[in-house]
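Chains: A, B, C and D, in written order; residue numbering restarts at 1 for each.
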Amino acid sequence: MLEYHDVTVRVRYAETDQMGVVYHSNYLIWYEVGRVELMRALGFEYKQMEIQDDTFIVVADVHCRYHQPARYDELLTVRTRILEAKTRTLKFGYELFRQPDNKLLATGHTIHVACNRAGHVTHFPEKYKQAFLKIAGQNANRSHA
Amino acid sequence: MLEYHDVTVRVRYAETDQMGVVYHSNYLIWYEVGRVELMRALGFEYKQMEIQDDTFIVVADVHCRYHQPARYDELLTVRTRILEAKTRTLKFGYELFRQPDNKLLATGHTIHVACNRAGHVTHFPEKYKQAFLKIAGQNANRSHA
Amino acid sequence: MLEYHDVTVRVRYAETDQMGVVYHSNYLIWYEVGRVELMRALGFEYKQMEIQDDTFIVVADVHCRYHQPARYDELLTVRTRILEAKTRTLKFGYELFRQPDNKLLATGHTIHVACNRAGHVTHFPEKYKQAFLKIAGQNANRSHA
Amino acid sequence: MLEYHDVTVRVRYAETDQMGVVYHSNYLIWYEVGRVELMRALGFEYKQMEIQDDTFIVVADVHCRYHQPARYDELLTVRTRILEAKTRTLKFGYELFRQPDNKLLATGHTIHVACNRAGHVTHFPEKYKQAFLKIAGQNANRSHA
(Lines give C-alpha, C1' and ligand atoms only; values in the text may rest on other atoms or scores of the structure.)
Protein backbone atom coordinates (compact mmCIF):
# COMPACT_ATOMS: atom_id res chain seq x y z
CA MET A 1 0.00 0.00 0.00
CA LEU A 2 1.04 3.53 -0.80
CA GLU A 3 3.08 5.12 2.00
CA TYR A 4 4.20 8.22 0.13
CA HIS A 5 4.15 9.55 -3.40
CA ASP A 6 7.07 11.06 -5.32
CA VAL A 7 6.75 13.60 -8.10
CA THR A 8 9.53 15.41 -9.97
CA VAL A 9 9.58 19.16 -10.63
CA ARG A 10 12.24 21.13 -12.46
CA VAL A 11 13.19 24.54 -11.04
CA ARG A 12 12.09 27.39 -13.31
CA TYR A 13 14.03 30.61 -13.81
CA ALA A 14 10.97 32.52 -12.61
CA GLU A 15 11.28 30.73 -9.26
CA THR A 16 14.78 32.06 -8.50
CA ASP A 17 15.57 35.36 -6.84
CA GLN A 18 18.59 37.66 -6.82
CA MET A 19 20.33 35.55 -4.17
CA GLY A 20 20.75 33.01 -6.98
CA VAL A 21 18.53 30.43 -5.29
CA VAL A 22 14.82 29.64 -5.28
CA TYR A 23 12.64 32.19 -3.49
CA HIS A 24 11.21 30.51 -0.42
CA SER A 25 7.48 30.86 -1.12
CA ASN A 26 7.80 28.69 -4.23
CA TYR A 27 8.39 25.60 -2.13
CA LEU A 28 4.75 25.83 -1.05
CA ILE A 29 3.68 25.62 -4.69
CA TRP A 30 5.76 22.46 -5.16
CA TYR A 31 4.08 21.03 -2.07
CA GLU A 32 0.75 21.75 -3.77
CA VAL A 33 1.98 19.78 -6.80
CA GLY A 34 2.99 16.99 -4.42
CA ARG A 35 -0.39 16.60 -2.74
CA VAL A 36 -2.35 16.86 -5.99
CA GLU A 37 -0.23 14.08 -7.50
CA LEU A 38 -0.54 12.01 -4.34
CA MET A 39 -4.31 12.26 -4.70
CA ARG A 40 -4.08 11.32 -8.37
CA ALA A 41 -2.04 8.24 -7.38
CA LEU A 42 -4.89 7.36 -5.01
CA GLY A 43 -7.29 7.53 -7.95
CA PHE A 44 -8.72 11.01 -7.31
CA GLU A 45 -8.56 14.19 -9.31
CA TYR A 46 -8.61 17.14 -6.94
CA LYS A 47 -10.34 19.10 -9.73
CA GLN A 48 -13.30 16.71 -9.57
CA MET A 49 -13.36 16.91 -5.80
CA GLU A 50 -14.15 20.61 -6.21
CA ILE A 51 -16.56 20.26 -9.15
CA GLN A 52 -18.41 17.00 -8.42
CA ASP A 53 -18.20 16.81 -4.65
CA ASP A 54 -18.24 20.51 -3.73
CA THR A 55 -15.30 19.87 -1.42
CA PHE A 56 -12.36 22.26 -1.31
CA ILE A 57 -9.19 21.49 0.61
CA VAL A 58 -8.50 24.88 2.16
CA VAL A 59 -5.02 25.53 3.58
CA ALA A 60 -5.17 26.35 7.29
CA ASP A 61 -1.54 25.99 8.35
CA VAL A 62 1.82 25.76 6.63
CA HIS A 63 5.29 25.02 7.93
CA CYS A 64 8.47 24.76 5.91
CA ARG A 65 12.07 24.27 7.01
CA TYR A 66 14.80 25.09 4.48
CA HIS A 67 17.91 22.94 4.84
CA GLN A 68 19.77 23.61 1.59
CA PRO A 69 18.87 25.98 -1.24
CA ALA A 70 17.25 24.70 -4.42
CA ARG A 71 18.79 26.16 -7.57
CA TYR A 72 17.78 26.92 -11.13
CA ASP A 73 17.21 23.97 -13.46
CA GLU A 74 17.64 21.33 -10.76
CA LEU A 75 15.34 18.32 -10.83
CA LEU A 76 13.68 17.90 -7.44
CA THR A 77 11.67 15.09 -5.91
CA VAL A 78 8.65 16.16 -3.88
CA ARG A 79 7.84 13.30 -1.51
CA THR A 80 4.36 13.67 -0.03
CA ARG A 81 2.65 11.74 2.75
CA ILE A 82 -0.69 11.99 4.49
CA LEU A 83 0.23 12.33 8.15
CA GLU A 84 -3.28 12.63 9.58
CA ALA A 85 -6.77 12.22 8.20
CA LYS A 86 -9.83 13.23 10.17
CA THR A 87 -13.45 13.85 9.30
CA ARG A 88 -12.85 17.49 8.44
CA THR A 89 -9.08 17.94 8.35
CA LEU A 90 -6.08 16.51 6.58
CA LYS A 91 -2.37 16.87 7.31
CA PHE A 92 0.24 16.38 4.63
CA GLY A 93 3.99 16.01 5.17
CA TYR A 94 6.65 16.85 2.59
CA GLU A 95 10.29 16.15 1.95
CA LEU A 96 12.06 17.83 -0.93
CA PHE A 97 15.11 16.09 -2.39
CA ARG A 98 17.53 17.23 -5.04
CA GLN A 99 18.17 14.72 -7.81
CA PRO A 100 20.44 12.92 -8.46
CA ASP A 101 22.38 13.09 -5.16
CA ASN A 102 19.22 12.74 -3.08
CA LYS A 103 20.23 15.62 -0.82
CA LEU A 104 17.37 16.71 1.47
CA LEU A 105 16.62 20.38 0.71
CA ALA A 106 13.47 21.04 2.72
CA THR A 107 10.78 19.52 4.88
CA GLY A 108 7.34 20.77 5.75
CA HIS A 109 3.70 20.13 6.42
CA THR A 110 0.34 21.62 5.55
CA ILE A 111 -2.95 21.29 7.41
CA HIS A 112 -6.18 21.56 5.45
CA VAL A 113 -9.85 21.92 6.26
CA ALA A 114 -12.62 20.56 4.05
CA CYS A 115 -14.92 23.41 2.97
CA ASN A 116 -17.76 23.68 0.48
CA ARG A 117 -18.02 26.29 -2.25
CA ALA A 118 -19.71 28.68 0.15
CA GLY A 119 -16.67 28.49 2.43
CA HIS A 120 -18.32 26.51 5.24
CA VAL A 121 -16.51 23.67 6.96
CA THR A 122 -17.78 20.29 5.80
CA HIS A 123 -16.93 16.55 5.97
CA PHE A 124 -14.73 14.83 3.43
CA PRO A 125 -16.97 12.61 1.27
CA GLU A 126 -16.69 8.98 2.36
CA LYS A 127 -14.67 7.72 -0.62
CA TYR A 128 -11.91 10.27 0.03
CA LYS A 129 -11.97 9.76 3.77
CA GLN A 130 -11.43 6.02 3.47
CA ALA A 131 -8.52 6.44 1.09
CA PHE A 132 -6.93 9.17 3.21
CA LEU A 133 -7.25 7.10 6.38
CA LYS A 134 -5.56 4.09 4.79
CA ILE A 135 -2.52 6.02 3.70
CA ALA A 136 -2.41 8.03 6.93
CA GLY A 137 -2.20 4.75 8.82
CA GLN A 138 1.08 4.03 7.02
CA ASN A 139 2.54 7.23 8.44
CA ALA A 140 1.11 7.15 11.95
CA ASN A 141 4.50 7.39 13.59
CA ARG A 142 5.33 10.53 11.60
CA SER A 143 2.31 12.66 12.44
CA HIS A 144 4.40 14.93 14.62
CA ALA A 145 6.42 16.10 11.62
CA MET B 1 -9.83 65.64 -17.60
CA LEU B 2 -7.82 62.55 -16.78
CA GLU B 3 -5.37 61.65 -19.55
CA TYR B 4 -3.42 59.02 -17.65
CA HIS B 5 -3.11 57.71 -14.12
CA ASP B 6 0.09 57.15 -12.15
CA VAL B 7 0.51 54.62 -9.36
CA THR B 8 3.67 53.70 -7.44
CA VAL B 9 4.82 50.14 -6.78
CA ARG B 10 7.93 49.05 -4.91
CA VAL B 11 9.87 46.08 -6.29
CA ARG B 12 9.64 43.02 -4.03
CA TYR B 13 12.44 40.53 -3.50
CA ALA B 14 10.11 37.80 -4.74
CA GLU B 15 9.91 39.59 -8.09
CA THR B 16 13.65 39.39 -8.79
CA ASP B 17 15.43 36.47 -10.44
CA GLN B 18 18.99 35.17 -10.40
CA MET B 19 20.06 37.73 -13.03
CA GLY B 20 19.66 40.26 -10.22
CA VAL B 21 16.79 42.07 -11.94
CA VAL B 22 13.02 41.70 -12.02
CA TYR B 23 11.74 38.62 -13.83
CA HIS B 24 9.91 39.82 -16.93
CA SER B 25 6.45 38.37 -16.28
CA ASN B 26 6.06 40.53 -13.17
CA TYR B 27 5.73 43.67 -15.27
CA LEU B 28 2.35 42.36 -16.42
CA ILE B 29 1.21 42.23 -12.80
CA TRP B 30 2.25 45.87 -12.29
CA TYR B 31 0.27 46.75 -15.42
CA GLU B 32 -2.72 45.08 -13.76
CA VAL B 33 -2.19 47.31 -10.72
CA GLY B 34 -2.01 50.27 -13.09
CA ARG B 35 -5.33 49.64 -14.83
CA VAL B 36 -7.18 48.81 -11.61
CA GLU B 37 -6.02 52.08 -10.07
CA LEU B 38 -6.88 53.99 -13.25
CA MET B 39 -10.41 52.64 -12.95
CA ARG B 40 -10.51 53.58 -9.28
CA ALA B 41 -9.47 57.12 -10.24
CA LEU B 42 -12.44 57.13 -12.65
CA GLY B 43 -14.71 56.24 -9.75
CA PHE B 44 -15.03 52.50 -10.41
CA GLU B 45 -13.96 49.51 -8.39
CA TYR B 46 -13.09 46.68 -10.76
CA LYS B 47 -14.20 44.30 -8.01
CA GLN B 48 -17.74 45.69 -8.20
CA MET B 49 -17.68 45.50 -11.98
CA GLU B 50 -17.35 41.72 -11.58
CA ILE B 51 -19.79 41.35 -8.68
CA GLN B 52 -22.51 43.90 -9.44
CA ASP B 53 -22.32 44.17 -13.20
CA ASP B 54 -21.24 40.62 -14.12
CA THR B 55 -18.59 42.11 -16.39
CA PHE B 56 -15.07 40.69 -16.45
CA ILE B 57 -12.23 42.38 -18.31
CA VAL B 58 -10.55 39.35 -19.84
CA VAL B 59 -7.00 39.75 -21.19
CA ALA B 60 -6.85 38.93 -24.91
CA ASP B 61 -3.48 40.36 -25.91
CA VAL B 62 -0.36 41.58 -24.13
CA HIS B 63 2.74 43.31 -25.38
CA CYS B 64 5.68 44.50 -23.30
CA ARG B 65 8.98 46.05 -24.35
CA TYR B 66 11.78 46.07 -21.78
CA HIS B 67 14.13 49.06 -22.09
CA GLN B 68 16.05 48.97 -18.81
CA PRO B 69 15.86 46.43 -15.99
CA ALA B 70 13.87 47.14 -12.85
CA ARG B 71 15.74 46.21 -9.67
CA TYR B 72 14.95 45.17 -6.12
CA ASP B 73 13.50 47.82 -3.81
CA GLU B 74 13.15 50.47 -6.51
CA LEU B 75 10.07 52.66 -6.48
CA LEU B 76 8.41 52.58 -9.89
CA THR B 77 5.68 54.66 -11.47
CA VAL B 78 3.16 52.74 -13.55
CA ARG B 79 1.56 55.25 -15.95
CA THR B 80 -1.64 53.87 -17.47
CA ARG B 81 -3.80 55.20 -20.29
CA ILE B 82 -6.89 53.98 -22.08
CA LEU B 83 -5.85 53.93 -25.72
CA GLU B 84 -9.08 52.63 -27.21
CA ALA B 85 -12.56 51.96 -25.87
CA LYS B 86 -15.15 50.10 -27.90
CA THR B 87 -18.44 48.44 -27.09
CA ARG B 88 -16.80 45.14 -26.21
CA THR B 89 -13.08 45.83 -26.06
CA LEU B 90 -10.65 48.05 -24.23
CA LYS B 91 -7.00 48.81 -24.90
CA PHE B 92 -4.69 50.06 -22.18
CA GLY B 93 -1.22 51.52 -22.67
CA TYR B 94 1.53 51.51 -20.05
CA GLU B 95 4.80 53.26 -19.36
CA LEU B 96 6.94 52.18 -16.45
CA PHE B 97 9.30 54.74 -14.93
CA ARG B 98 11.93 54.37 -12.24
CA GLN B 99 11.76 56.96 -9.46
CA PRO B 100 13.38 59.34 -8.76
CA ASP B 101 15.30 59.78 -12.05
CA ASN B 102 12.21 59.18 -14.18
CA LYS B 103 14.07 56.72 -16.42
CA LEU B 104 11.71 54.84 -18.74
CA LEU B 105 12.08 51.10 -18.00
CA ALA B 106 9.31 49.53 -20.04
CA THR B 107 6.30 50.19 -22.26
CA GLY B 108 3.41 47.98 -23.17
CA HIS B 109 -0.25 47.51 -23.91
CA THR B 110 -3.01 45.08 -23.08
CA ILE B 111 -6.24 44.43 -25.00
CA HIS B 112 -9.27 43.21 -23.10
CA VAL B 113 -12.66 41.78 -23.97
CA ALA B 114 -15.75 42.26 -21.81
CA CYS B 115 -17.10 38.86 -20.76
CA ASN B 116 -19.79 37.75 -18.33
CA ARG B 117 -19.30 35.18 -15.59
CA ALA B 118 -20.17 32.39 -18.01
CA GLY B 119 -17.28 33.48 -20.24
CA HIS B 120 -19.40 34.90 -23.08
CA VAL B 121 -18.48 38.15 -24.78
CA THR B 122 -20.73 40.99 -23.65
CA HIS B 123 -21.03 44.81 -23.81
CA PHE B 124 -19.49 47.08 -21.24
CA PRO B 125 -22.29 48.55 -19.12
CA GLU B 126 -23.10 52.11 -20.22
CA LYS B 127 -21.58 53.89 -17.20
CA TYR B 128 -18.18 52.29 -17.78
CA LYS B 129 -18.32 52.76 -21.55
CA GLN B 130 -18.94 56.50 -21.25
CA ALA B 131 -16.07 56.94 -18.82
CA PHE B 132 -13.71 54.83 -20.90
CA LEU B 133 -14.58 56.72 -24.08
CA LYS B 134 -13.87 60.08 -22.46
CA ILE B 135 -10.42 59.15 -21.32
CA ALA B 136 -9.66 57.26 -24.55
CA GLY B 137 -10.41 60.48 -26.44
CA GLN B 138 -7.53 62.11 -24.60
CA ASN B 139 -5.16 59.51 -25.99
CA ALA B 140 -6.51 59.18 -29.52
CA ASN B 141 -3.17 59.93 -31.13
CA ARG B 142 -1.48 57.18 -29.12
CA SER B 143 -3.73 54.28 -30.02
CA HIS B 144 -1.03 52.72 -32.16
CA ALA B 145 1.18 52.13 -29.10
CA MET C 1 10.66 52.70 20.98
CA LEU C 2 9.40 50.68 18.03
CA GLU C 3 7.59 47.52 19.12
CA TYR C 4 6.21 46.57 15.73
CA HIS C 5 5.87 48.09 12.30
CA ASP C 6 2.73 48.26 10.15
CA VAL C 7 2.68 48.41 6.37
CA THR C 8 -0.31 48.30 4.01
CA VAL C 9 -0.57 46.09 0.95
CA ARG C 10 -3.47 45.86 -1.49
CA VAL C 11 -4.40 42.40 -2.78
CA ARG C 12 -3.63 41.99 -6.49
CA TYR C 13 -5.73 39.97 -8.92
CA ALA C 14 -2.65 37.88 -9.68
CA GLU C 15 -2.58 36.80 -6.03
CA THR C 16 -6.04 35.20 -6.08
CA ASP C 17 -6.80 31.64 -7.15
CA GLN C 18 -9.89 29.87 -8.45
CA MET C 19 -11.30 29.47 -4.94
CA GLY C 20 -11.89 33.23 -5.12
CA VAL C 21 -9.40 33.98 -2.33
CA VAL C 22 -5.67 34.67 -2.10
CA TYR C 23 -3.44 31.67 -2.84
CA HIS C 24 -1.67 30.78 0.39
CA SER C 25 1.97 31.18 -0.70
CA ASN C 26 1.43 34.88 -1.36
CA TYR C 27 1.17 35.60 2.37
CA LEU C 28 4.88 34.81 2.61
CA ILE C 29 5.60 37.54 0.08
CA TRP C 30 3.61 40.06 2.15
CA TYR C 31 5.63 38.99 5.18
CA GLU C 32 8.76 39.79 3.17
CA VAL C 33 7.33 43.26 2.52
CA GLY C 34 6.65 43.56 6.25
CA ARG C 35 10.19 42.77 7.38
CA VAL C 36 11.81 44.95 4.72
CA GLU C 37 9.67 47.91 5.80
CA LEU C 38 10.37 47.20 9.47
CA MET C 39 14.08 47.41 8.69
CA ARG C 40 13.53 50.63 6.75
CA ALA C 41 11.72 52.06 9.79
CA LEU C 42 14.81 51.14 11.83
CA GLY C 43 16.91 53.16 9.40
CA PHE C 44 18.26 50.28 7.30
CA GLU C 45 17.79 49.41 3.67
CA TYR C 46 17.93 45.64 3.29
CA LYS C 47 19.31 46.25 -0.21
CA GLN C 48 22.37 47.98 1.28
CA MET C 49 22.77 45.19 3.83
CA GLU C 50 23.39 42.87 0.86
CA ILE C 51 25.51 45.27 -1.19
CA GLN C 52 27.54 47.16 1.41
CA ASP C 53 27.71 44.66 4.25
CA ASP C 54 27.70 41.38 2.31
CA THR C 55 25.01 40.10 4.67
CA PHE C 56 22.01 38.20 3.36
CA ILE C 57 19.06 37.29 5.54
CA VAL C 58 18.39 33.76 4.34
CA VAL C 59 15.04 32.17 5.19
CA ALA C 60 15.52 29.00 7.25
CA ASP C 61 12.02 28.38 8.60
CA VAL C 62 8.51 29.62 7.84
CA HIS C 63 5.23 29.10 9.61
CA CYS C 64 1.87 30.57 8.65
CA ARG C 65 -1.58 30.04 10.09
CA TYR C 66 -4.56 31.09 7.99
CA HIS C 67 -7.54 32.27 10.04
CA GLN C 68 -9.72 34.01 7.44
CA PRO C 69 -9.18 34.31 3.69
CA ALA C 70 -7.82 37.50 2.18
CA ARG C 71 -9.71 38.60 -0.93
CA TYR C 72 -9.07 40.59 -4.08
CA ASP C 73 -8.61 44.35 -3.73
CA GLU C 74 -8.68 44.34 0.08
CA LEU C 75 -6.29 46.61 1.91
CA LEU C 76 -4.30 44.61 4.46
CA THR C 77 -2.06 45.61 7.33
CA VAL C 78 1.10 43.53 7.73
CA ARG C 79 2.24 43.96 11.36
CA THR C 80 5.83 42.80 11.81
CA ARG C 81 7.87 42.29 14.97
CA ILE C 82 11.33 41.03 15.73
CA LEU C 83 10.75 38.20 18.16
CA GLU C 84 14.35 37.13 18.66
CA ALA C 85 17.72 38.51 17.64
CA LYS C 86 20.91 36.52 18.05
CA THR C 87 24.39 36.83 16.65
CA ARG C 88 23.58 34.83 13.56
CA THR C 89 19.81 34.40 13.54
CA LEU C 90 16.72 36.54 13.54
CA LYS C 91 13.09 35.64 14.14
CA PHE C 92 10.26 37.78 12.84
CA GLY C 93 6.60 37.50 13.82
CA TYR C 94 3.68 38.61 11.66
CA GLU C 95 0.02 39.42 12.03
CA LEU C 96 -2.06 40.17 8.98
CA PHE C 97 -5.18 42.32 9.46
CA ARG C 98 -7.88 43.27 7.00
CA GLN C 99 -8.68 46.97 6.85
CA PRO C 100 -10.94 48.63 7.83
CA ASP C 101 -12.54 46.15 10.27
CA ASN C 102 -9.20 45.04 11.69
CA LYS C 103 -10.09 41.36 11.36
CA LEU C 104 -7.09 39.09 11.96
CA LEU C 105 -6.56 37.03 8.79
CA ALA C 106 -3.27 35.28 9.44
CA THR C 107 -0.32 34.95 11.79
CA GLY C 108 3.14 33.59 11.21
CA HIS C 109 6.83 33.70 11.80
CA THR C 110 10.04 33.37 9.83
CA ILE C 111 13.50 32.43 11.08
CA HIS C 112 16.52 33.74 9.19
CA VAL C 113 20.24 33.07 9.18
CA ALA C 114 22.85 35.68 8.32
CA CYS C 115 24.91 34.50 5.35
CA ASN C 116 27.50 36.15 3.13
CA ARG C 117 27.38 36.19 -0.65
CA ALA C 118 29.20 32.86 -0.77
CA GLY C 119 26.39 31.30 1.25
CA HIS C 120 28.36 30.82 4.47
CA VAL C 121 26.84 31.58 7.85
CA THR C 122 28.13 34.85 9.28
CA HIS C 123 27.46 37.38 12.09
CA PHE C 124 25.11 40.30 11.69
CA PRO C 125 27.21 43.47 11.51
CA GLU C 126 27.15 45.29 14.84
CA LYS C 127 24.92 48.20 13.79
CA TYR C 128 22.15 45.83 12.73
CA LYS C 129 22.56 43.58 15.73
CA GLN C 130 22.14 46.44 18.21
CA ALA C 131 19.02 47.69 16.48
CA PHE C 132 17.53 44.20 16.21
CA LEU C 133 18.21 43.48 19.89
CA LYS C 134 16.51 46.66 21.02
CA ILE C 135 13.29 45.93 19.19
CA ALA C 136 13.42 42.23 20.07
CA GLY C 137 13.51 43.25 23.71
CA GLN C 138 10.11 44.87 23.26
CA ASN C 139 8.67 41.56 22.17
CA ALA C 140 10.43 39.23 24.59
CA ASN C 141 7.20 37.76 25.90
CA ARG C 142 6.04 36.90 22.37
CA SER C 143 9.04 34.92 21.22
CA HIS C 144 7.08 31.68 21.36
CA ALA C 145 4.73 32.80 18.58
CA MET D 1 16.32 18.52 -38.30
CA LEU D 2 14.50 20.07 -35.39
CA GLU D 3 11.84 22.56 -36.50
CA TYR D 4 10.18 23.05 -33.13
CA HIS D 5 10.26 21.48 -29.69
CA ASP D 6 7.28 20.38 -27.59
CA VAL D 7 7.21 20.21 -23.81
CA THR D 8 4.29 19.41 -21.51
CA VAL D 9 3.33 21.45 -18.45
CA ARG D 10 0.46 20.80 -16.06
CA VAL D 11 -1.48 23.82 -14.79
CA ARG D 12 -0.92 24.43 -11.07
CA TYR D 13 -3.56 25.73 -8.69
CA ALA D 14 -1.26 28.64 -7.88
CA GLU D 15 -1.46 29.70 -11.53
CA THR D 16 -5.24 30.19 -11.54
CA ASP D 17 -7.04 33.37 -10.48
CA GLN D 18 -10.53 34.13 -9.23
CA MET D 19 -11.94 34.11 -12.78
CA GLY D 20 -11.38 30.35 -12.58
CA VAL D 21 -8.75 30.37 -15.34
CA VAL D 22 -4.98 30.82 -15.50
CA TYR D 23 -3.75 34.35 -14.74
CA HIS D 24 -2.29 35.73 -17.96
CA SER D 25 1.28 36.43 -16.80
CA ASN D 26 1.87 32.73 -16.14
CA TYR D 27 1.89 31.97 -19.86
CA LEU D 28 5.20 33.83 -20.06
CA ILE D 29 6.67 31.43 -17.50
CA TRP D 30 5.55 28.44 -19.59
CA TYR D 31 7.20 30.08 -22.61
CA GLU D 32 10.39 30.24 -20.54
CA VAL D 33 10.06 26.49 -19.90
CA GLY D 34 9.54 26.03 -23.64
CA ARG D 35 12.72 27.83 -24.72
CA VAL D 36 14.88 26.23 -22.03
CA GLU D 37 13.73 22.78 -23.13
CA LEU D 38 14.23 23.67 -26.79
CA MET D 39 17.84 24.56 -25.95
CA ARG D 40 18.26 21.33 -24.02
CA ALA D 41 16.97 19.42 -27.08
CA LEU D 42 19.69 21.22 -29.08
CA GLY D 43 22.26 19.91 -26.60
CA PHE D 44 22.67 23.06 -24.49
CA GLU D 45 21.90 23.74 -20.88
CA TYR D 46 20.92 27.39 -20.49
CA LYS D 47 22.36 27.22 -16.97
CA GLN D 48 25.80 26.48 -18.41
CA MET D 49 25.42 29.27 -20.95
CA GLU D 50 25.25 31.66 -17.99
CA ILE D 51 27.96 29.99 -15.90
CA GLN D 52 30.50 28.80 -18.47
CA ASP D 53 29.96 31.26 -21.30
CA ASP D 54 28.94 34.38 -19.38
CA THR D 55 26.03 34.80 -21.79
CA PHE D 56 22.58 35.71 -20.51
CA ILE D 57 19.52 35.70 -22.75
CA VAL D 58 17.82 38.86 -21.56
CA VAL D 59 14.16 39.39 -22.48
CA ALA D 60 13.69 42.56 -24.53
CA ASP D 61 10.19 42.12 -25.93
CA VAL D 62 7.20 39.89 -25.24
CA HIS D 63 3.93 39.40 -27.04
CA CYS D 64 1.15 37.01 -26.12
CA ARG D 65 -2.28 36.50 -27.66
CA TYR D 66 -4.83 34.58 -25.59
CA HIS D 67 -7.31 32.58 -27.68
CA GLN D 68 -8.91 30.27 -25.12
CA PRO D 69 -8.36 30.13 -21.36
CA ALA D 70 -6.13 27.48 -19.81
CA ARG D 71 -7.65 25.87 -16.74
CA TYR D 72 -6.49 24.16 -13.56
CA ASP D 73 -4.92 20.70 -13.90
CA GLU D 74 -4.94 20.71 -17.70
CA LEU D 75 -1.95 19.24 -19.51
CA LEU D 76 -0.62 21.76 -22.03
CA THR D 77 1.88 21.47 -24.85
CA VAL D 78 4.27 24.39 -25.22
CA ARG D 79 5.54 24.34 -28.82
CA THR D 80 8.63 26.52 -29.22
CA ARG D 81 10.48 27.62 -32.36
CA ILE D 82 13.42 29.86 -33.06
CA LEU D 83 12.05 32.40 -35.51
CA GLU D 84 15.18 34.50 -35.95
CA ALA D 85 18.80 34.17 -34.86
CA LYS D 86 21.26 37.01 -35.22
CA THR D 87 24.65 37.76 -33.78
CA ARG D 88 23.23 39.43 -30.69
CA THR D 89 19.50 38.69 -30.73
CA LEU D 90 17.19 35.74 -30.78
CA LYS D 91 13.47 35.52 -31.45
CA PHE D 92 11.38 32.63 -30.19
CA GLY D 93 7.82 31.81 -31.23
CA TYR D 94 5.33 29.86 -29.11
CA GLU D 95 2.08 28.02 -29.53
CA LEU D 96 0.26 26.67 -26.52
CA PHE D 97 -2.06 23.70 -27.03
CA ARG D 98 -4.39 21.99 -24.61
CA GLN D 99 -4.05 18.21 -24.47
CA PRO D 100 -5.70 15.95 -25.49
CA ASP D 101 -7.94 17.85 -27.95
CA ASN D 102 -5.04 19.90 -29.33
CA LYS D 103 -7.01 23.16 -29.01
CA LEU D 104 -4.80 26.22 -29.57
CA LEU D 105 -4.97 28.33 -26.41
CA ALA D 106 -2.33 31.00 -27.00
CA THR D 107 0.42 32.18 -29.32
CA GLY D 108 3.30 34.51 -28.68
CA HIS D 109 6.88 35.49 -29.22
CA THR D 110 9.79 36.77 -27.20
CA ILE D 111 12.85 38.69 -28.40
CA HIS D 112 16.09 38.34 -26.47
CA VAL D 113 19.43 40.09 -26.39
CA ALA D 114 22.71 38.37 -25.48
CA CYS D 115 24.27 40.12 -22.48
CA ASN D 116 27.19 39.32 -20.21
CA ARG D 117 27.05 39.23 -16.43
CA ALA D 118 27.78 42.95 -16.27
CA GLY D 119 24.68 43.61 -18.35
CA HIS D 120 26.46 44.65 -21.55
CA VAL D 121 25.28 43.48 -24.96
CA THR D 122 27.52 40.75 -26.35
CA HIS D 123 27.66 38.15 -29.15
CA PHE D 124 26.28 34.66 -28.80
CA PRO D 125 29.23 32.26 -28.59
CA GLU D 126 29.78 30.52 -31.92
CA LYS D 127 28.51 27.07 -30.87
CA TYR D 128 25.14 28.49 -29.86
CA LYS D 129 24.89 30.77 -32.86
CA GLN D 130 25.41 27.93 -35.34
CA ALA D 131 22.76 25.81 -33.65
CA PHE D 132 20.29 28.68 -33.43
CA LEU D 133 20.78 29.59 -37.08
CA LYS D 134 20.12 26.04 -38.23
CA ILE D 135 16.82 25.78 -36.45
CA ALA D 136 15.85 29.34 -37.35
CA GLY D 137 16.30 28.40 -41.00
CA GLN D 138 13.52 25.84 -40.59
CA ASN D 139 11.15 28.58 -39.54
CA ALA D 140 12.17 31.33 -41.93
CA ASN D 141 8.70 31.79 -43.30
CA ARG D 142 7.27 32.27 -39.79
CA SER D 143 9.53 35.06 -38.61
CA HIS D 144 6.70 37.57 -38.80
CA ALA D 145 4.75 35.75 -36.06
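The rule we apply is simple: a residue touches a chain if its C-beta (ideal position, glycine included) is under 8 Å from a C-beta of that chain, and two chains touch if they have at least 3 such contacts.
Being a predicted model, the structure only gives us computed values, none of them experimental.
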| item | value |
| --- | --- |
| Of all other chains, the one whose Cα centre sits farthest from chain A | B |
| Pair sharing more residue contacts (C-beta pairs) when A-C is set against C-D | A-C |
| Chain A and chain D, separation of their C-alpha mean positions in angstrom | 29 |
| Rounded Å distance between chain A and chain C, as computed from the means of their C-alpha atoms | 24 |
| Between chain C and chain D, centroid-to-centroid distance (C-alpha), Å | 35 |
| Multi-chain contact sites of chain B, meaning residues that touch two or more partners | 13-14, 19, 25, 29, 72 |
| Chain C partner contacts - residues on chain B that touch it in the complex | 12-14, 29, 32-33, 36, 45-47, 72-73 |
| Chain B-touching residues of chain D, taken from the complex the two chains share | 19, 24-26, 28-29, 56, 58-66, 69, 119 |
| Residues of chain C defined as touching chain D within the complex | 13-14, 16-21, 23, 25, 72 |
